[in-house]
């Protein structure tokens, strides 16, 4: 009980504190540079230059301390040796360039980035379109969204059971092998089946992220003005044409947002790989490789940080795309 | 308290009294302990703690973490370490010692281990690391041991089929071939362990190393003076492959070896008809036997036999957990001293899953005959060597070695696997 | 239009079936876990969960009594008992592991000079002219068929686990402020990024996207060190701050997209009317954005609720500090492998987030709608 009081108290203090900051700082700003009187014009202009930073202040503080500082720290550490005692310059990066596991991770990550956002968005789009047109749609949506609420580790375990292997010909307790065997196939150890095992891992993330894509895309589909669709129906367009030629182009922007978010999730995801294969059998990905070097056995911060930096550099294209988008919006 | 003080005379209560007399001045202190034990193991460890608390008045706060390795690194680096940490692997402890994050224990502790533990020299060596000053100190105290060189079987299944428990490595191989010739699968082997997949194979390879080479070679191997792709090591890997890479010798076929979870693989022994007759595993595997299995009756073990010529004696590979002090809290070293008393061992021995090389304890305290026999394997070892993969740098012993074994079982040759592991070792800073 | 109607009903059928197919495909894995959470460990390892609904055949062994249990019946020494437990039906039996189904119920077999009979109802009787001397009982292998069996044991075990109540409170204590505070801070920042003109706006927005990708692992050590240096140490304050920091980029990204999609006229006209930016934010933007705020709340709630890593690092993992995920993890023991507990835990910990999801579902849809339609 005390704890909950503490929590409520914190919310109150936090909320009031934030409100006090935003309200107070704005009040002070208006008091110093009043938007009236002889210098009103100048004051409004000057206050307009300061005000955004008052709004952004707490966020920038938090982002700076909790994210930017660790990133700078990693860049610094990536220039040192494993125990951070000796400056080694670019040695860690040079090592990365020739490390076989790193190359394997880059290739795997490339496929993850290609396949997972595409499939999750596609299935999300299909699921959204289908569930929007049926009576039990909301119930169906909830079921497809459910994997989102399961932790990555939980999801990893669920799928480990699906890929479970028993000796060919005996009773299979893994669903995939049971089906495969009933179709006349020989039971396989799916998770060691290179290179397809990567694909079996990706399915897990697609399974999770489809719900996310579906919810957002379904909202976007409902936002399309009815008139455009009715006009197409009157013109005799088939449902396929309506979907691909009328609806999809109108929600391209949303599709891009979904794609971006899932792409970033893919870059960061390591729990699934960690739980299911730990990067063995050729399934290593960057995030798990980084974890290996940072925390496994004798930690090597230098190499671990270098991998983290590479991971962050990979997001640059998405950042540039966003800058262009915001600029377009401002015009 | 699990066992009331002074009641059961199998316990060495005097040692508790003596300890109490020497450490009366710590009352009111608190000591935090961080370790890898959760669930049942945690309850067992916590049954030992009250005796220390009662003797000293210190309040012990144990917390377990399944991501212990990550946790201890973060906590130590960030400057908020626990007072005492329990390392499942010496590699990690050595790493932290080199960074100055462990406090050296008094030199007497090293002498004490040498004198009071069976194969004391190997234990003492295990806990001696280079400090930040580059000088060797004792940084940890080993408490609780595992025996890895065991083969599990169902006695009646062997009897029914007319097989004998093998006395030598040659017999074991002959038995393997015999069972295969009778149309059945002799071995259950499972290397799966989620993020740690591959480690059960390292135990096999270590057993094979010690059965074909003198212990000095084994030591050289763990420090890479003997290269991983040296013919001796390659032969040990191949010896493991002789068992695990033969379609006729393993239940489920070679393809299933790496994919089967080590926790599931012993279940084949208990299937009817049996999926296999033999299973190589450490002493703690009994946790994963089917519910209701009575060890010593439904299942039993034999020592993984040595070659018939006897030139290398009876080597044993084992593991253990290591206790280190990370802060200046005086209660920390006192806790380490407590672990040296026989009573600290006997309390756990009388329960479950605990073996000790401590020569001063009363072996009668072991919960039953089977465990006592396991303890005997430890006490009678002519050569005791710590789990080699735990002695190697983390990137090897908890990384490349595992992966290499998975690849080996997956089809690579022993030479290729050894070369790959050696390449990783060469790339270490 | 007549023809259209016919085509339409076929189409409705196709859509319904296709949707059903997708939903079933997506639900199967979870369903498997759900069924598994009602089975015990040996069952999970023995048969697939989809077979748990039909009666199953199992082969196991039962031990007879040993020498101490024998009694004399006339000239014979007898050991008797029953090999079945309730609900089981005997299919076949045997005396060796290699041939566990050698005999039919009612048949007799020779065992080391004794005669063993197992009747249809599972009653066994082993008779011998000489006294039994074995220390352990003889094994009788029985193939039995038993009806579907489910247990609530896993749930009882998890729900009555030591400290679970305390952990539940801890989790709530962590989750609620860690959900509310980032929303508030992000709302202001998002408004500034969406509707205020200032140099560096695009760059700052992109920076927020860039920060989305920062891996948590690189932040743990420097931040815990910072907390220790600032005397925050490990505790609720620390974990609230940490979750706030880690959750902000997604919050700002989603809220900014939403706010940028709000109708320009409303804001412009308010500005013309002389409203200050603060008034616009409080009186127009906040109420209009409520759906978006709710939608982010769900994501942040899900994330904090399921988190174990941040909690163990910034809160600690002493018994009194454990969160739900920590207690559930502890139940699984040091060597893992207790799948039935894992399955059960997953369903217990999913309950609260699902409740939150259902409660906020309509906001979620509307919340992400406007921002995304504009293409953010």
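What to note about this one:
The first chain written gets the first letter, and so on, giving A, B and C; residue counts start at 1 in each chain.
We adopt the following convention: a residue touches a chain if its C-beta (ideal position, glycine included) is under 8 Å from a C-beta of that chain, and two chains touch if they have at least 3 such contacts.
Computed from a predicted structure; not experimentally measured.
In terms of C-beta pairs in contact, A-C outnumbers the other of A-C and A-B.
Chain C has its Cα centroid nearest to the centroid of all protein Cα atoms in the structure.
Annotation: 32 Å between the Cα-based centres of chain B and chain C. Chain A and chain C, compared by their mean Cα positions, are separated by 20 Å. Centre-to-centre separation between chain A and chain B, using Cα means, comes to 40 Å. Of all residues in chain B, those that touch two or more other chains are 67, 73, 194. Along chain C, residues 45 each make contact with two or more other chains. Chain A has residues 295 in contact with two or more other chains.
Residue ranges on chain A touching chain B, taken from their complex, read 81-83, 95, 99, 165-168, 189, 191-192, 274-278, 280-281, 292-293, 295-300, 302.
Chain contact summary for the complex, chain C toward chain A: residues 11-12, 15-16, 18-20, 22-23, 26-30, 32-33, 36, 44-50, 169-170, 172-173, 176-177, 180-181, 184-186, 188-189, 191-193, 196-198, 201-219, 222-223, 226, 236-237, 240-242, 244-246, 248-249, 252-253, 257, 260, 276-278, 281, 302, 306, 325, 339, 342-343, 345-346, 349-350, 353-354, 357-358, 361, 364-366, 368-376. The residues of chain B lying in touch with chain C in their complex are 32, 36-42, 61, 63-67, 71, 73-75, 77-80, 154, 156-157, 160-161, 184, 194, 261, 263-264, 267, 271-274, 284, 287-288, 290-291, 297. Against chain A, the residues of chain B that register as touching in their complex are 67, 69-70, 73, 89, 91-92, 94-95, 98-99, 194-198, 251-253, 255-256, 258-260, 275, 393-399, 402-403, 406, 410, 427, 429. On chain C, the positions that touch chain B within their shared complex are 40-42, 45, 59-61, 96-100, 136, 139, 141, 220-221, 224-225, 227-229, 233-234, 309, 312-313, 316-319, 321, 329-337.
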